[in-house]
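Look for subunit A in each of the two complexes below; its partner is subunit B in the first and subunit C in the second.
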Partner chain A sequence: MKRYFGRKLFIYMLTFFLAVTIDWLIPRFMPGNPVQTMLSRVSVRAEALEVMYGYYTRAFGLDVPIWQQYLNFWNALFHGDLGTSVYLFPQPVIKVIMRAVPYDIFLLLPAILLSFYAGNKFGAFAARTKWLDNTVLPLGYILTATPYMWLGILLAWSLGIVAGIFPIAGAYSFTMAPHFSWVFIGSVLMHWFLPFASLFLVQFGGWSIGMRNMIIYELEADYSHYLEALGAPRKLVRRYAFRNAILPQITGLALKFGVIVAGALVTEVVFSYPGIGYLILAAIQNQDYFLIQGCFLFIIIGVLLANFAIDIIYVIVDPRTRIGMAGETA
Partner chain B sequence: MFKKITLLVLLIVFLFSGMAFAQVYERSETLYVSGAAWGPASDWNPFIAWSKSNTTGTIGLVYETLFMYDPLTDEYIPWLAERGEWVSSNVYELKVRKGVRWSDGAMFTADDVKFTFEVGKRFPAIWFNSMWNWLDEIVKVNDYTLQFNFTEPLYQEWGNNLYNIAIVPEHLWADRTEEEVTSGINENPVGTGAYLYDTHSEDRNVWVKNDNWWATDLLGLEVAPKRIVDIRCASNNIALGMVIKGEIDLSNNFLPGVATLSEKGYVETYYPEAPYMISVNTAILFLNTTKKPMDDPAFRKAMAFAINTDDIVNIAYAGIVKASDPTGILPTMEKYVDKDVVAELGFSYDPDQARKILSDAGYKDVDKDGFVEAKDGSKIELSVTCPFGWTDWMESIKIIAKSCQAVGINLQDKTPDYGAWNTALTSGTFDMTLNNWAAMSNTPWTVYNIMFRHPIIETMGSGNFGRYDNAEIFDLVDQLAKIPADDFEGMKAICSQIQEIQLTEMPMIPLWYNGLWAQVNNSVWTNWPSATEDTPNYLPCTWSGYWQMGGLLMLTELELAK
Partner chain C sequence: MTKPKKINEFLYFALRSNKIRVGLTVLLFFLVLTFVGPMLTDYLPDDYIGPANHPPSSEYWFGTTTFGQDVFTQFVYGLYPVFLVGILGGGLASIIGMLIGFIAGYRGGMVDEFLNMMINIVLVIPTFALLLIIAAYLTVRGFLVEAIFIGFTAWPWTARAIRAQTFSLRSRDFVDLARISGMNNLKIIRTEIAPNMMSYLVMVFILQFGGAILIAATLDFIGLGPTTGISLGLMMNNAVLWGALQLDMWWWFIPPGVAIAAIVGALYITNVGLDEVFNPKLREM
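Then we have the complex of A and B:
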């Protein structure tokens, strides 16, 4: 057990180091100079601009050699300092991200968990049920192949603009300030629904298709036939099949995390939902090294943590891994 | 037990409803605006001038300036200053208004003004720091009088600073460090203005009326809306939808196709017919004069005649902008245009003339590929750029490229990302590019300061991107800066000389005036500024820097719709 987690932890640390290094490197390959972009909005005399340029280059720590910047970056990172945003100068990056992250969690967590739960349940239910198999299967394939953004636009257009049921922008109504009341909570939910629905539907399609195929495979396995031959009720056979079929789905969840997060980013842009997605877009457009780094750092941490959680869940739900580990230590 | 639960439920309901009442804005008290912010609020620090568009109103609604300036009448309106005058050629005496209070209750005095200006002296990163190269000292005569002693007053720039430097309270700023002043967020700003900071989130800023605003007592002015919600729309389409539905009262977003909407009565604009909007800045085609063949005045002149500006106005903009005067001077500054010089040297769309100038200057199509070659026979391949995603400009540079190709100049349109475009612009690696930073102000000097920014240095951050190097014109711009603002004839004489060189040399080509995009919905608030007779004439604008150019006065004129 210890060795298993030790090895996992080492791999995660290595991934983290490499991912963060790449994350640091890539914005610096972009053409252009962030301080210049920032100061291009100031209209002053040339000599004043020169002074300001020097001052802010120093303030952002961009006046030292590139290797020094890299070391400073790690040093600051371990002190919990992600630097100051250029695009949202003078806000510290950590503060900007902390304001956005709750929206991402609020959007992603329910979308991932509910779609995983509902998709798998539904896929298992639909498998080998003729009429459901014939209707849901094609629909599932279409849904899972739909880009998040495109579905988002369709939903915004149909339910937001044509039907006028849901608002199409923002996290809550422009007519109120955040406070604790039913009106406000209602408004938050109304604004949350469409971005949530576009994430949920696409993943729902994927999970139900996957589950349906797995269940059919499991139902053809020897143990299922044996159970059936023993006269076990359909429900019992299916329960065993489901337990076996869910394992690859959990692995799939770990693999898909990155894709889901990327999908959420574009969905947020479509609905101008104030999560990290919108920030990344603006940060890239403004060459905000520090904000780009910070946003991706959070995504990296999020994906790694989620994968780690799945590793642990795997140990719990699949007894064979535990046996394997016991064998290892023995 | 049952009683207790009922009581608790009643209490919770009461609590909720009470809070809801305070936090849901009454429509008839709230003004919804959009178009200023392009990002989430980042700070309320009036010294970080360039980030104020995301918290527009920081200067204007909360912090105020000594004067306001109305570009439509070319008049200064005394604001925090009661009056100001040049008592000698290099001493400016400022009478500060009595009876003004900061929103924390402290009195506003001349000390606050002196302190604010001296912040610029103490810290080099403050944008008006360079003013201290020609300002010697500020002498406090008494609590409400200051004397500014200049070494060499740049009157034009001084006039500009008078309505752009926002005054901060000394008692709250005196102890701040350099970092806090130059990079501080300054939450909960305390100003003298008509509004107070209320709240903000990622996509909005909310300002609430300051009931103790000094101008109500002293000037009899009152702002109509109790709250202003400034909305950041993720895209212009969202703003368009909201203003048509009446969810936004005033949208300062650029909305293509607004001409049709205005004619059908969905929205109202300043002018009921073309160009619909007040002209507010000049879109200029900068030519890189350090590169061949743009270093040749004849080639540049041929370009000016070749470009079909009417197509840009009518096709790319569908009639919501106006073609520029050849000098690039805005209509509000029209009196500084020397009509005789323009009549003699000006340009207009004339492809035949363009071809003639080209061939006279020796640009001929030697290899018969339809495009002219340079005088030495080498091929000419040029590109004109603008940032990707700026759809109106992308259309415009297409038209520019097309009309130049029509006269035989091989010009292609290219759209790099903003960052790359900006770097090429400031480091001078582009061939030709559009820029519109020459905006409305109190003096033609600001425009010439951008067009002929000098000296030419490694990065040209905010003007003369084409690096046009002409000591004569630089000297004239410097002279203009030193002319007293009331010497109209003196200013005009220099402007005329500048225009003569400019139109002969054609270092850059002014093409059209961008509009002050403003579309209003009258369903909740009315009496918006417009060109019709019975309405106020102010700039209907919420952009940062425009509150003190009429935007605030617009708020005092608004009325509730019946």
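Then we have the complex of A and C:
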């Protein structure tokens, strides 16, 4: 088990190192002058622009040798310094991102956990049940094939605009200031529901068909046939099949984080939900490279943490990893 | 003598499968529309042709945008990049994944250690975020560049799966025999190992194809797609940015989403159908 975690941690650290390096490399080796492009969109007085230009040239550290730029980058990173936002000048990037992160967690965590639970339960239930298999599964395929943002747009339009039940922009009503009261909490939940629902539905489709296919494989395995031959009740056979089928699904969850993050980013854009996705869109439209790079790093850190959480869960649910049998392949 | 018979048998089961029939029909429909569509319209996607905010009518089949552009024209022109980026991006990702998977699985040892570590690293990096920052710094982007980026970031799961399968095949007798008879490694992979997972390779390509379409649509939607030309993702981006939701202009954002969901869904369903044909255990009686 020590070896298992050691290996995983090594990979994660290497990944982080590479990601930071990429983050440093890209602005320096892409065509064009990043400072120029970045400031071309800002409309301030000429002397203010000059100050900003000087600041960003120094901030990119373009005036020192390249190896020193790289070391400085790491140094700044460990001091929590990700630069200053252009679009929200003069706020530091780290502060801007920190304001957005809670919204992401609030949106993603329930969506991931609930869809994983519900999708797997449902998929296991639907497998080899003819009418469910024929009606709900095609729906599952369409759901996983649906682009996240489009489902978001559809929900916003149908439930938000046409039916007028849910608000479609922001994290809480624009007329309110954040405070602790039932009215405010109600408003937060109303604003949260649609982005949550679109993330939930797409993932639900994926998990349920994945589980349905896994269960069918497991029900064809020798141990299932043996149990059946012994006259075990259907429910018991299914339970064994489920416990075996859930393992690849957990691995699948780790593999899917990248896609889920991408989905969350665009869903936030659709609903103007003030998480990192919304920030990224603003950063792209304003050519705010520091903000984009900061968001990139935060996404990487988030995904690495989530992967590590999955590794721990895997050890808990799969006893083989504990005695070091499946450590390398998992 | 045996080969044609095998293909006939495959075709027999493939065409009997409803999933494959439905999937291929939908795909064929959109493929034909991609090439015939531009002939059905007199305009170009960016032309300002008439009244703004016009709902669908006999003249403007899918209505018009806030700027008076014809949605149907944008839609049919937007289909082409979907297939282009899907096939190129998905194809590239499959090829890279296969190469790395075959080499890692077949060679084993240090080569495998290194390649496997690389797979694991790229697997963890949220590639969409990576695409974001690369695309953000590139001021000129085309569909080809988009496809190449997607291809170079989407391969890891394929490499991992193929590596595992190659691993289980490489110690089989027929592979040993080929090795003893002095066949070179490349030829062994090509003639002994790959044909044994042909069905899997086909399915990998289909999944990568669908995946690439979704990634491309997402990139386009966030405004980091190609800088010129129209695509379905860009249509949705425009619709949301210019208030199609608030103005209740459903005809602007529904068609592009339906097309993407239908194409990708058809690919996935075809894939399951093929899985059942290749693997008789999964067939429902």
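Rule of thumb we're sticking to: the second predicted complex is superposed on the first by the 281 of 330 C-alpha atoms of A that agree within 3 Å, B and C clash if a C-alpha of one lies under 4 Å from a C-alpha of the other, contacts with A are read in each partner's own complex, and residues count from 1 in each chain.
Just so it is clear, a residue touches a chain if its C-beta (ideal position, glycine included) is under 8 Å from a C-beta of that chain, and two chains touch if they have at least 3 such contacts.
This is a predicted model, so every value here is computed, not measured.
In the superposed model, A:Ile168 lies in contact with both subunit B and subunit C.
Of the two partner chains placed by the overlay, neither subunit B nor subunit C lies in contact with A:Asp222. Residue contacts after overlaying the shared chain place A:Phe184 against subunit B, while subunit C stays out of touching range. In the overlay built on the shared chain, the residue A:Gln285 is in contact with subunit B and with subunit C. Look at A:Thr15: by the touch rule set out above, it reaches subunit C but stays clear of subunit B. Of the two partner chains placed around the shared chain by superposition, subunit B and subunit C are both touched by A:Val269.
Contacts of subunit A with subunit B, set against its contacts with subunit C after fitting on chain A, overlap at residues 30-32, 34, 37, 161, 168, 269, 285, 287. Subunit B makes touch with subunit A in their complex at residues 16-17, 19-20, 22-25, 27, 30, 32, 39-40, 42-43, 45, 48-51, 53-54, 124-125, 127-130, 133, 182-185, 198-199, 201-204, 206, 229, 231, 233-235, 238, 241, 247, 416-420, 422-423, 425-426, 437, 439, 446, 449-450, 453-455, 457, 459-463. Listing the residues of subunit A that touch subunit B in their complex gives 30-34, 36-53, 55-56, 59, 84-85, 87-91, 96, 99-100, 161, 168-171, 174-184, 269, 272, 274, 278, 282, 285-287. On subunit C, the positions that touch subunit A within their shared complex are 117, 120-121, 123-130, 132-134, 136-139, 157, 164, 210, 214-215, 217-218, 221-224, 233, 236, 239-240, 245-246, 248, 250, 253-254, 256-257, 260-265, 267-269, 272, 281-282, 284.
If you check the complex, the residues on subunit A that touch subunit C are 11-12, 14-15, 18-19, 22-23, 26-27, 30-32, 34, 37, 130, 133, 138, 141-142, 144-151, 153-154, 156-157, 160-162, 168, 213, 216-217, 220, 255, 257-259, 261-263, 265-266, 269-270, 280-281, 283-285, 287, 289, 292-293, 295-296, 299-300, 303-304, 307, 329.
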